Amino acid sequence: MITTFRRQKIEILVDAPLVRRVAAAAAGVGIVHYTLVPTLGGVGARGAWSDDQVTGAEAKVLFVAVTGEEKAEALATALAPLLDSHGLMLMIGPVEVVRGEKF
Amino acid sequence: MSGGLEALFSPIILFFVLGAAAAFARSDLSVPEAVAKGLSLYLMASIGLKGGVEVRQSGFSTEIFAAAGAGLALSLLLPFLAFAALRRFGRLGPIDAGAVAAHYGSVSVVTFVTGVEILTGRGLPPAGYMVAVLALMETPAIIVGLLLARRGLAGGAATGGDGLWRETLLNGSVVLLMGSFVIGLIAGKAGFAPIAPLFESGFRGALCLFLLDMGLIAARRLREARALTLRLAALAVLLPVVNGTLGVLAGTLVGLDTGSVAALGILAGSASYIAVPAAMRLALPQADAGLYLAMSLAVTFPFNITLGIPFYTALAGTMVAP
Amino acid sequence: MITTFRRQKIEILVDAPLVRRVAAAAAGVGIVHYTLVPTLGGVGARGAWSDDQVTGAEAKVLFVAVTGEEKAEALATALAPLLDSHGLMLMIGPVEVVRGEKF
Amino acid sequence: MSGGLEALFSPIILFFVLGAAAAFARSDLSVPEAVAKGLSLYLMASIGLKGGVEVRQSGFSTEIFAAAGAGLALSLLLPFLAFAALRRFGRLGPIDAGAVAAHYGSVSVVTFVTGVEILTGRGLPPAGYMVAVLALMETPAIIVGLLLARRGLAGGAATGGDGLWRETLLNGSVVLLMGSFVIGLIAGKAGFAPIAPLFESGFRGALCLFLLDMGLIAARRLREARALTLRLAALAVLLPVVNGTLGVLAGTLVGLDTGSVAALGILAGSASYIAVPAAMRLALPQADAGLYLAMSLAVTFPFNITLGIPFYTALAGTMVAP
Amino acid sequence: MITTFRRQKIEILVDAPLVRRVAAAAAGVGIVHYTLVPTLGGVGARGAWSDDQVTGAEAKVLFVAVTGEEKAEALATALAPLLDSHGLMLMIGPVEVVRGEKF
Amino acid sequence: MSGGLEALFSPIILFFVLGAAAAFARSDLSVPEAVAKGLSLYLMASIGLKGGVEVRQSGFSTEIFAAAGAGLALSLLLPFLAFAALRRFGRLGPIDAGAVAAHYGSVSVVTFVTGVEILTGRGLPPAGYMVAVLALMETPAIIVGLLLARRGLAGGAATGGDGLWRETLLNGSVVLLMGSFVIGLIAGKAGFAPIAPLFESGFRGALCLFLLDMGLIAARRLREARALTLRLAALAVLLPVVNGTLGVLAGTLVGLDTGSVAALGILAGSASYIAVPAAMRLALPQADAGLYLAMSLAVTFPFNITLGIPFYTALAGTMVAP
């Protein structure tokens, strides 16, 4: 029976050209490891979008990081101003991981 | 102008119409995004190369600087005009007006490419250096648009900092266009010959497939455009007509040949949908992307492809004619 | 310290041509905002599938929506008949979000 | 028939074999899906254009209506035959039998394209209007298949409502084929000339790469096909032979030329793997997708590409011969 | 009101050529159904990676399986040796599903 | 050597430079991965086909076996040399040294393709069978590298079992190269003619676009390479020079023509970035992928494309010259 550790999974839906800025904000609160997941489109308060690569204006990416509760909250706090202005979506959910020292 | 309208029945335009019709009818026809992006890279590399080779052939001349100056001036001034019209007649707030104005000051590569094809088909090929003018006109309007928008923002929040300037000046399409232009300049006719089969023979066919996709994208966007009022839709037709006319005037004033004058009109009349939207998402995220893409991509682009290009061409013919 | 709100993340694995129908069902219970995430393939009770775009018959998409508990359950109930007949997979997990009024 | 079998050693078929061999050997060779989709769009646009240009050249004739009528009749009747065989000999339930029957009543664009290449190589080019017949034959069988399947369902649950009809009639491949055909008609030989380098010269090479991918897809699907009984595999070879023969008969009866008769045989003998599976997922989700794709894509398609086409061609040669 | 069942969602970030091996390990503990989700890139202790298809050396895929607690733990245990040696990332989070007998 | 350096100003190389420059300047220019993969498949199919057609033309000869033997020997022996240099001078542990050594024993298809273009442009086309030699040299070094690395591992954990052998021997690029070669052999000049427009005329242009992407990838990787010490960067230049020289020597010894000798030098001097990295991720996951990709892709590949190929060519000219 392997030991697991409770961590938080943060997922941030962010415009592709803004990923660097989110990564920088994450690094600012000590979150340096992450994974990017593609998306196809969606609908929000600002209307519908879909990732046509020709204009490239609307591609969004999921920035996923697993980390401890404190850092997760710190990142949510750090990004709060951007959430509204840049139309990001941020979710935090509980996950169990092995090798807890890594996260 | 009747001669120009014949171009409406060329396969290039018909594929655009096919795409738009399919999207309006809600067909599930679609071009994979990666393929469309690949086609757009190919078209830009091709037009850059051919422009460079041509300039190498014809040599540098003062005309080049005249055309560059006219293009630069247009892309710096047109946003002011557009901004005023969008604020008053279009009833937009300063942020959205600034964002849209930047699009109309900048240019659309595909409109230019289509225009060059049509002009060449009518025996009026624009000069090779117009590609450099195109690249030159892609970004200055972004700065003007942001300055105009910023007055509407509480603080200086409209600057994207470093990231923005890099994103804008080194935007992929600008880099590829100018890079290919320089490669064409270096390679010359002889160096271009071995790669001509791909970049020359395949060009018009690839443009057909790309415009099929543009038709799909433009029509889908129009269907989903919620923010597009009648006034704004009218402006999306009026602005290209006015800007294009100013472009033709400017070109005539600085003494370009008919084909190049028409091309400058096409550039001035076109609205960006690659470099500018990307910059706006970064620097002016408060602006409504649905709005500026609907205007530039869903109204102005189809208008230019079908009616605008023949109009600018006819105008250039009347103005420059002996 | 930023305030977070507890919501539900619904993920529905659905055949690409059926996305419209799922979105309509979601809108029917008041869920109008969502994001689509691509998938590559999978194995289920009906065998293996993978997204070759040539036939296009088997592409599946993840429909992701963050919403309150009630709407989440309402959507699960509304889609129940389709789950079996159309081979959908539906999961609901807990997430924390900021700007709770949006979800 | 020996002449036809030579075609087996043309690069087009050999690339298909290479793909299949690689997949059976579990090589990780793969064509990106976006590229394969792009190639398939290109092939459809190309065949549509060429068909349209040809009809514009040769003018409309009563033959066109005869061919269209024969094609339509085949695609409405063949599903009944297939349904009966699948129920009795194949031991399928009504839902799966209906779904599979729709595939065999419909047509495969790539089988047709490959057949046209082979026929043209043998000096028997089918008439240009056969492309329109192809488009016409894509969808009617879907309706018949659904009606047949519905008898096996408790309620009327097998209808997809509005969505289905749009999905089916405006299926991307049908729209692109017919759209390109019309563009070819409008453009004619002169309008086609500038885009011919891409759509004509590149065609066979692109078909090679596409068939490489089809080989990979077909063989991978065959390896994973769990639902494919021996009886069903046998039907996946028998149905095309019977349907193809009926197609050749019908073509001969309505008085088409040898190449067009062979093409009608190929169409009748082929089974859809684009339009129909997509419609079935929507309208008949209870049917086993693994089964109908295994039959049409993993057995019938390879059979037709390698042996079916030469057989229908030889048959057409005997029937139409003076 | 539909009945939901509590299950575990396991997500494993794995190099594309290793997916077969993870699927085999999952099958070994009785998890035979799964879905694959693409990724774009990321940063971890071993540095940054991004999925350029030309070298193909660095593509990673998310292997997602919904299952019961026991099987989830069994898979975590079975994969433990690979996590370090092959640089996998494994997360387990709670989800509710309908049709509990399927998972 | 001045003649060789002229090649630096061919569009093929200039597009590589453009890509690298764009990436260093942090432009957002990018080629969609699916398109790049598609281009790479096209280039491999094309080079395979042309090689096969050529061998069919010229017939088999003992030279083929001599070249194959030389290639095989090089790819088995070069890893030992590289391993020693990487351990002592490069200060790498055995696992990383083994992984990197495998890369340098294997070959790079694109380096070869670019070399063939340059050699052909200079009137020194290598023999068609060199494509088969290329395919032959892709995998043996993987085995040697793994054996060398395994001595550094506690147990026999470095084997990937069955999966590895399949992955390696049936690697997509090897299968496509050899498959196309065989198709070329079977089809011969006549069978190749109908598909030549795509595979021959389009080739150099496609290579330009592909090298644009390689420039982007190589430069981005160099920027992110953290593990690359100065010593290792030096080795990434030294190893190709030494290996390339040994390749030229081997080719001269077995009596090949100048073009083929240069091609063998290019093969020996090149380092894999497709087949080997994939195999290493599977069989030697403890090795640092960032390191071996940085060396082979970000240093050796650009070096070979710009300076290496002219050097090996000049060397071959001196050695083989009458």
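Chains here go by letter, A, B, C, D, E and F, matching the order in which they are written, and residues are numbered from 1 within each.
Following the convention adopted for this analysis, a contact is a pair of C-beta atoms (placed from the backbone, for glycine too) under 8 Å apart; a residue touches a chain by one contact, two chains touch by 3 or more.
Molecules present, by chain and UniProt name: A, C, E = Nitrogen regulatory protein P-II; B, D, F = Sodium-dependent bicarbonate transport family permease.
As the structure is a computational prediction, the values presented were derived from the model and not from experiment.
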item: Shared interface numbering between chain D and chain B [over half = same, under half = different]; value: different
item: Furthest chain, CA centroid comparison against chain D; value: A
item: Chain separated most widely from chain C, comparing mean CA positions; value: F
item: Rounded Å distance, chain A centre to chain C centre (Cα mean); value: 19
item: Where chain C and chain D are represented by their mean Cα positions, the distance between them in whole Å; value: 34
item: Touching two or more other chains - residues of chain C; value: 17, 37-38, 53, 93-94
item: Contacts with 2+ other chains: residues of chain B; value: 28, 32-35, 37-38, 167, 201-202, 278
item: Of all residues in chain B, those that touch chain A in their complex; value: 33-34, 36-37, 40, 157, 163, 167, 213-214, 217, 224, 226-227, 273-274, 277-278, 280-282, 285-286, 288-290, 293, 297
item: Complex contact set, residues of chain D against chain F; value: 9-12, 14-15, 18, 21-22, 25-35, 38, 121, 201-202, 204-206, 208-209, 212
item: Chain B-touching residues of chain A, taken from the complex the two chains share; value: 15, 17-18, 20-21, 46-49, 51-58, 85-87
item: Complex interface listing, chain A residues touching chain E; value: 1-2, 4, 7, 9, 23, 32-38, 61, 66, 93-99, 102
item: For the chain B and chain F complex, residues of the former touching the latter; value: 32-35, 37-38, 41-42, 45, 49, 166-167, 170-172, 175-176, 179-180, 183, 186-187, 191-192, 194-199, 201-202, 278
